[in-house]
Every structure is written in C-alpha cells, then in structure tokens.
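In this document, chain identifiers A, B, C and D correspond to the written order of the chains, with residue numbering beginning at 1 in each.
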Amino acid sequence: MDISALQRRLRQFAADRDWQPYQTPKNLAMAMTVEAAELLEIFQWLTPEQSQQLSDDQRQHLGEELSDVLLYLLQIADHSGVDLEAAVERKLAMNAVKHPPLRS
Amino acid sequence: MDISALQRRLRQFAADRDWQPYQTPKNLAMAMTVEAAELLEIFQWLTPEQSQQLSDDQRQHLGEELSDVLLYLLQIADHSGVDLEAAVERKLAMNAVKHPPLRS
Amino acid sequence: MDISALQRRLRQFAADRDWQPYQTPKNLAMAMTVEAAELLEIFQWLTPEQSQQLSDDQRQHLGEELSDVLLYLLQIADHSGVDLEAAVERKLAMNAVKHPPLRS
Amino acid sequence: MDISALQRRLRQFAADRDWQPYQTPKNLAMAMTVEAAELLEIFQWLTPEQSQQLSDDQRQHLGEELSDVLLYLLQIADHSGVDLEAAVERKLAMNAVKHPPLRS
C-alpha cells in the first residue's frame, strides 16, 4: 500500500468537494472514532466463535468499515504531519520492550 | 507499507506471547475502538485551531495512537480474511459515487 | 429518575424478547460505546458554536442517543452489581480532590 | 437520582474551575465517548463469562467509569436543553414499537 499516494488522493477528493474547512485533525479524529464504533457494531451481539466465522456479507461489511477507519487514519496522519511508517516501527519496538516474549 | 509483511509480524508477535486465544475479531475490534478513543482524547479539549498546531510532544503521542489503531486494524483484517487493499479501492469508488465532485 | 425502577423495566423488556443470553456486561459495554459514537456523530462536523445552537430536529436526535447510552449504562450497572448512585457520589468526591477549585 | 440537582452541581463544579469555555456539547460528547471506551477497556480481553463475574476491584473500577460516562451525559443534556427523563420515556416507547415482545 502506497500511503503517500493514498493521502494525496484523499486530499484531492476533499478539495474537489470543498471539504477542507471541516477536516481539522479534531474533526477527523471524531470521524475515525465513529467509524471504529460502526465496525464494533458488527460484532456486538456475536459470540467470540461467531466473530471468527463471518458470512460473506458480514466480511464485505467489515471490509467497508475497516476502509473507513483506515482512510480517516491516513488523513489524520497527513494533516498532522505524522510519518506513519516511522511511527509504526517505533511503536512495534516499544511493544517488544513492554511485552517481552515468553520464550527466548 | 507492506501490509502482508506487517500482518505476519503481528501474528508472530502474538504467538510468541501466547495471545492467540484472546485475539478473536470481536476482541480486536474492542481494542481498536479503545485505541481510537485514546487518540480522540488528545483532541477533546483543543480548539479546532489548536488541533491543527500540535506540539512535538503531542505529535509524537498522536503517532503512537495512530499506530495502535492501525496495528489492531491490520490484525482484524488478517484474522477475518479481508483483503484490505481491495476493500479500500472498493470503498474509494463507492465514496466517489456517493459524493460527486462539485465541479467536473 | 428512579434508577431501580428503570432497571427492572429494562430487565423485563429483555426477558420478554429472550435477549438475556446476549446481555453480558461485555456485550452491553460494546453496545453503550456504539451508542456513544452515534451521539458523537451528531457533532463531528459542527463548529463548537454550532454545537451550542442545535436545531429542534438535532435536539430530538440528541435526546434519542442520550437515552440509548443511558439505558445501556443502567443495564451494565444492574448486571454487574454496581450501585450507581453510590458510585456517582464517590466519583464526585474523587474529582473534587483531584481538581481543587481555583478560588476558596 | 435527582438529575436536575446533579446537573446544577456539575455546572457549579465547572464554574469553580473556569472550565465553561471548554464545555461545548461537541467537546462533552468527545469526553463521554472517551470515558465509554475506558469502560469498554475493562472488558476487552475477558470472556463473556468472565465479564459476568467481576472481582471487587474490577467492579469498583467499573463503577468509576460508569460514573464518568453518566456525569458527561448529564452535562450534554443540560448544555443542550434536552429533558432527559422525557427523552428516556419517549425512547422506551419507540423501542417497544420497534421490537414487539415475543409473547403477548
């Protein structure tokens, strides 16, 4: 996935619709959380086991909600000047220190 | 960003810590929403303008929360059999139909 | 508001629909978060000022989402054995210690 | 629970700390969602069964998070001019129409 290219497409998409005034990081963070909760709603009444065996319709719905979350996430990073790939590598290193493996 | 490679690293990270039983899509969706809200917390008392001018500390914190959301998002896609890149392209096409540009 | 009476009505409502197996505290917490995000959605693209001047339609919508959050909140307390009024008084006392008033 | 009295206490608490400028309905909705997710976090890795058998420490933590959500909820209603008790009765009536009981 070419993150920078996607971020440019999303900037152009917003510009073509005069959405820039709405796209503060604060508002984008709200929108991302709303989409995360729409994804959560798919699973809210499912058993753990049912959540592991989605139907094709549920999987397609899940793909749409995952995309919504990801597209807002990329826009937050873009509008806030965060280098997402560097941040992810840094977080993975932090997680490895915070949670050592059980076996070496 | 090589999504498949990241998903393999996250699977190995979980396996090395015996976390697999906890990582149902239902639980991962909860964890992703919790991380989205931690990101939201950064912005909750900021004005729109302040959210556009984060300090270096705030930007670093934001990068950590963006990474947390993204890492759970990649795991949900992986554990549910969603092809994330295909889903994103499909969603972008749907959005273009749903929200036509103002000017052609 | 008679909290215990409301909790009894909600228990009866669920029993009349055979919803008890779904109403674990875990699932109810997911449902409450989903409703909180639906409330958040009302405000996501509004300016701070617009959020202070809702239309009648927006206010009615807000009342529905506030009710949804509250009804799940009361069910979580009920199903988990939390005395909500005592918990609120305790939290208010904690908040007063944590955030002393500016003037005495 | 005397909702109006609680709302007056919360207004006074905010005034004593000069918090009024921050307490737009938009910001309060963000804060309520953040607290809902902190409550969700208690349950994220628990099985459905474990969520029904909380320890005393977990129950106390849950009471604190339920209170946080409720206190923001009461402030949103207060600052937006929503009559919460009327809204709840209206929503219960709507739910009864939307979801008829299985047996009459």
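Please note the rule applied: a contact is a pair of C-beta atoms (placed from the backbone, for glycine too) under 8 Å apart; a residue touches a chain by one contact, two chains touch by 3 or more.
Since the structure is predicted, the reported quantities are computational estimates derived from the model, not experimental observations.
Any chain touching chain A that also touches chain D appears here: B, C. The interface holding more C-beta pairs in contact, when B-C is weighed against B-D, is B-D.
Rounded to whole angstrom units, the spacing between the C-alpha centres of chain C and chain D is 3. For the pair chain B and chain D, the distance between mean C-alpha positions equals 26 Å. Multi-chain contact residues, meaning those touching two or more other chains, occur in chain B at positions 27, 30, 33, 36-37, 40, 43, 47-48. Chain B makes touch with chain C in their complex at residues 30, 33, 47-48. Listed in rising order, the residues of chain D touching chain B in the complex are 22, 27, 30-31, 33-34, 36-38, 40-41, 43-45.
Those residues of chain D that touch chain C in the shared complex are 1-3, 6, 9, 13, 16-18, 24-27, 29-30, 32-33, 36-37, 39-40, 42-43, 46, 48-49, 51-52, 54, 59, 62-64, 66-71, 73, 76-77, 79-88, 90-92, 94-96, 99, 101-103.
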